[in-house]
Amino acid sequence: MAEPLLAVRGLCKRFGGLVATDGVDLDVAESETLALIGPNGAGKTTLIAQLSGELRADAGLIRFAGEDVTLLPAPARSLRGIARSFQITSIFPEFSALDNVALAVQAHAGHSFRFWRPAARERGLREPARAALEQVGLAARAEVPAGALAHGEQRQLELAMALATRPRLLLLDEPVAGMGTDESQRMVQLLRTLRGRHTIVLVEHDMDAVFALADRISVMVYGRVIATGAPGAIRENAEVRRAYLGEELPVRC
Amino acid sequence: MISRGRAVVLLAGFLVLAVVPAVAAMLNEPFYLDLFRRIMIFAIAAVSLDLILGYGGMVSFGHAAYLGIGAYAVAVPAFYGIESGLVQWTLAVLASAAAALVIGAVSLRTTGMSFIMITLAFAQMFYYLGISINAWGGDDGMRLARRSRLPALDLADATVFYYVVLAILVGLLWLGHRLVHARFGAVIRASRSNETRMRAIGFSTFRYKLAAFVLAGAVCGLAGALLTNQTDYLTPSYMHWTRSGEIMVMVILGGMGTLVGPVLGAAAYLLLEDVLSAWTVHWQIVLGPLLVLVVLYARRGLYGLLPGSASRDG
Amino acid sequence: MTALLVAEQCLNGLQLGVMLFLMAAGLTLVFGIMNLVNLAHGSLYMVGAYLATAVFNWSGSFLLGVLFALPATLAIGMLVEVIALRRLYERDHLDQVLATFGLILFFNEAVAIVWGRTALFTRVPSALTGHIMVLPGVSYPAYRAVIILVGLAVALVLYVLVSRTRLGMLIRAGASNRTMVAALGVNIRLLYTLVFGFGAALAALGGLMAGPIYNVQPGMGEEILIQVLVVIVIGGIGSIRGALVGAVVVGMVDTLGRAFLKPLLSTTLGPVAAQSAGPALASMLIYLLMAAVLFFRPRGLFPAVRS
Amino acid sequence: MRTPRIAVVLLLIAGCLASQARAAETLKIGFITTLSGPQGVIGKHMKDSVELALDHLGRKVGGLETEVTYGDDQAKPDVGKQVADEMLKKHRVNFVAGVIWSSVLLAVAPTVTASGTFMIDTNAGAHEFAGKQCHELFFATSWQNDQTPEAMGKHMQDQGVTDVYVLAPNYAAGKDMVTGFKRFFKNRIVDEVYTKFGQQDYQAEISQIRAANPKAVFVFYPGGMGIQFVKQYVQAGLREQYPLYSVYTVDEVTLPALGDAALGSWETRYWSPDLKNEANAKYVGDFRKKFGYTPSYYGAQSYDGILLIDSAVRAVKGDLSNKKGMIAAMSRADFRSTRGKFTYNTNHFPIQNFYLLKAVKGGSGEVEMQIQKTVFENHKDAYYQECPMK
């Protein structure tokens, strides 16, 4: 197997007594879609935060495209092509949807020590932003303040902002959480179009979405990856069932 | 992009300020010329604070330090015989920028209440430094024998000085408008809205916030240079923490996150101070509750009360 | 520089620290729980001092002054909370700073109108005018020793109250997640009014203890407010332990700086330079200290965990 | 929620339109002092004394209808300058009087005299105006700052006091005071300590004093600082061990707050409520009757300021344009001053006696300052040679 795009070795993160990431090893190949599943509080979001640079790992190594990025801060990792969406929607509510995405484009279009030309008139920023909105199906809502968008639309906006930075690695934290069935189907449809064009690490609880999108699945429990493999194998894996689906537990009373 | 209502307000404001000297001369009331020039000078300081306070969300409680540094940058060279305005004002801008760089580099590592307190602390350090330097008058301060000498412009003439200050204010508002809507302004405003997201999409926000902090300090230094010429006097009390409080009041009273707001705030605060203190010695018992009312009810400040101010990025 | 003098100055530093703690405790309690920056805390300190001094001068009994001033300031504090501050909890610190800045102006003028601008006559209660031999050869004013005891007692009471009682648990829960506590059926509005009133009473206690040795006049609150803000920021905002440690550290550094900085400087810079640099440096010392602490620990020494 | 917003805007508009009604030929005096904030108490002493002077003159200074406008400088030089501008340009006053703080005087006086208006300084004795910046339109009815500590220095020198511990706040006036003191005090000074301006707690300094074990202590702590220092000095039991000599610290402004703590303190001044002369007796008696508290030198100087103006206007028979005549009249200082007879030096600063005062229990049980002896007869300030006016 060629050098993985993302290689994680022995990653640890502790908050006082709580061990959120307990020696995680993970490999993600170029243009692969790896789903990361596990019960609440398994440390999935903490892992994503460490991969994106928002949190600094206590120990371990993160290699991205052959470069050790463990100590790089979040902005540097973004500029190297790691983009992420947030589990709890994190956007710029006062700015319009188009402005939100244009900012993401601006971050990757040279430095922002420009004091003269209005950013709203820089075609180099607006057009790629509009294209990203188009891609996630929000083109009609471009001028609406992001704060006024519906929950589902805000999740789409998060995706558009991530895509606008033309990332190599997409870290998606529960993109369909809190969505109705048809909304989540549309989002899955959208994510399917991205498969192969970007390497994706997908954290998700919605099993339909997971099994529809994932090339491989890793299962995290109490900060540890207990199993990784093809979707079919994971579905049958006894340990996963016991730790995660909980079918085996004897009911005492 | 500017809504019609707001364009009218802007024009009206400019006309009022432009016509004051003529009206003052007609009414034979030269005092109003000095009063409105003082308002404009504090408006420049308030607009510079609003760049980081209203737009950038950085609650600096020590902005008067740069007012003082700008004042010293005019009075000290003048004391040693250097009266050229160009030299003094450039020194005022550079010295304040340098101070803001040092203060910003340390303060921007903190957030919330700690940031408020550390900026206040640095300003108090400059205040005590000013008091203890006897060579420059210490706490008594120093008289400015001659106002800054500018090529072809005699600042001793009150009307000329008035229009110089008006030109600087209008220039600042125009440049500020360009800046706020350019890439740099977008980063500052977005960093206030959601700094974590900004870092996630690739902005190392610290350098931009520091740049804004330095820029605001530099402009406030210029206001300090003008203030020394206005009062023909330098005093370290320009840097006292209550002065920083007054500039903050002007920004909030006028309307944060807008350019015109602080100008209105400066005018309202200084006119109220002048009018109320003429009525009663206990004028602060009126000003105090008035500030509480403004915070509770006029959330977007006086600017929010004006027509056409609906657009947030004023 | 005898060892005895250093010991005495350390005692002075402790006493100044405890005095700062009396005021810092209330301020950091209110800030920690309600996330409210209350610059008018100095005004409540002043009101407490005025009420206690007025009753003391009228009745001749310091105790009567205390018994009147504490509940009265508690009531005034709660009134201010209900009228003005209650709507500010959701607002950002800037609005709170401006609103409480307005309250400072109001209280200073109100006090000036009622009692005039002349400083009130104050004296140490006759029972405590003596001195006690704290160390061989070091006589210490009895009243200041009482201040230390009162301050430490308040620290103890606060520690027990906040960490051992049900009310304390509610207070700490409110500090870390206000909405959850409200959701659990606690009347959060009443709790806040009580906590604010309790903070005001603490400020009043600080004020009435300061009355006999400091100046009871309009604006007395602001002179100490800046030092107290430095204390709670160094200690870590919202933490009582931080307030105590911060207060003692600031008290020590300020006192020892004023006492020994000049002699120390004159050994290195020579007497003339020390004469001019010493005083300026001494007055800046606590600000340099705060800048240093915040540089290494941006959230103070004992940051209270906030959601 | 409409009404509060409208109120704010209306208040603003009303402010702009307030203007001054034109008056017939009246004498207009602008009196600048600090009326708000902690130091407002000194402003009250001055304002009450000006009102008393107007009463004694039947509200007509120099025989003219008189209009006094009070301005609050808030103890800030730039606010003082703006108030002065307002009086000169808006009210067009003939005389500007008052000013407590040297920093405000340095900002205000040059503008006043440059506009051809008289500056009657009723307190701040900044050496600049006694020296190089003296002006023919500038008259002081108080003193030059250094004269008072000079008198204390002379007294302590004459008494053979030595090993003196000196304390003052770390600001310009503080250093002026110590310079003046050392001009006449030549014995050994144990230490010279400058404390933070506006400091409240002096326990650290008091411990240093006890460790240094001097023979006497000389301090300059005006206003609130003085109250705190003296109280803490006495509470620490130092009063009995080291006699306390001071200037501008224990006076009629701080005595009400000090009470018995002031007993035994030594001060030097050119004036005291018990100064034996007929004008002073009338001033102090009527002041106590009208306002119910004992006047201070801040007040006496302001009262004299109004009488000085009265003597000048009367000498030119109300012709306010005759400035030369008024200058000549004022230079003779022929009015019944509360300090008794005195003459003006060439720099328009008084040449006057200085007395040693002590805080003692008065007849009414209150603590008051009483004159013990005269230290200087007709004492001149140390800067008049620098003044070009001869």
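By written order: A, B, C and D. Residues from 1 in each chain.
Heads up, the rule we're going with is that contacts are C-beta pairs under 8 Å (C-beta built on N, C-alpha and C of every residue); 3 or more make two chains touch, one makes a residue touch a chain.
Remember, predicted model here, so these are calculated numbers, not experimental data.
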Chain whose mean Cα position lies farthest from chain A: D
Euclidean distance of C-alpha centroids - chain C vs chain D, Å: 35
Whole-Å gap between the CA centroids of chain A and chain D: 73
Centroid distance [mean C-alpha coordinates] between chain C and chain B, Å: 32
Contacts with 2+ other chains: residues of chain D: 36, 40, 170, 196-197
For chain B, residues contacting two or more additional chains: 128, 131-132, 134, 282, 284, 290, 294
In chain C, residues with contacts to at least two other chains: 108-109, 112, 279-280, 283
Chain contact graph, described as a line, ring, star, complete graph or other shape: other
Pairwise chain contacts, counting only pairs that touch as defined: A-B, B-C, B-D, C-D
Chain C residues within the chain D interface of the complex: 2, 5, 8-9, 12-13, 15-16, 19, 108-109, 112, 116-124, 129, 131, 139, 141, 143-144, 212-220, 223-224, 255-256, 258-259, 262, 275, 278-280, 282-283
List of chain B residues in touch with chain C within their complex: 53, 59, 61, 106, 109-114, 116-118, 120-122, 124-125, 128-129, 131-132, 134, 241, 245, 248-249, 252, 256, 282, 284-285, 287-292, 294-296
Residue ranges of chain A in contact with chain B within the complex: 52-54, 73-76, 78-79, 83-84, 86, 90-95, 99, 103-104, 106-108, 112-120, 122, 161, 164-165
Chain A-touching residues of chain B, taken from the complex the two chains share: 1, 175, 178-179, 181-187, 189-190, 193-194, 196-205, 208, 211, 312
Complex interface listing, chain D residues touching chain B: 1, 4-5, 7-9, 11-12, 14-16, 18-19, 35-36, 40, 72, 76-78, 81-82, 85-86, 88-90, 102-103, 106-107, 110-111, 126, 170-173, 175, 196-197
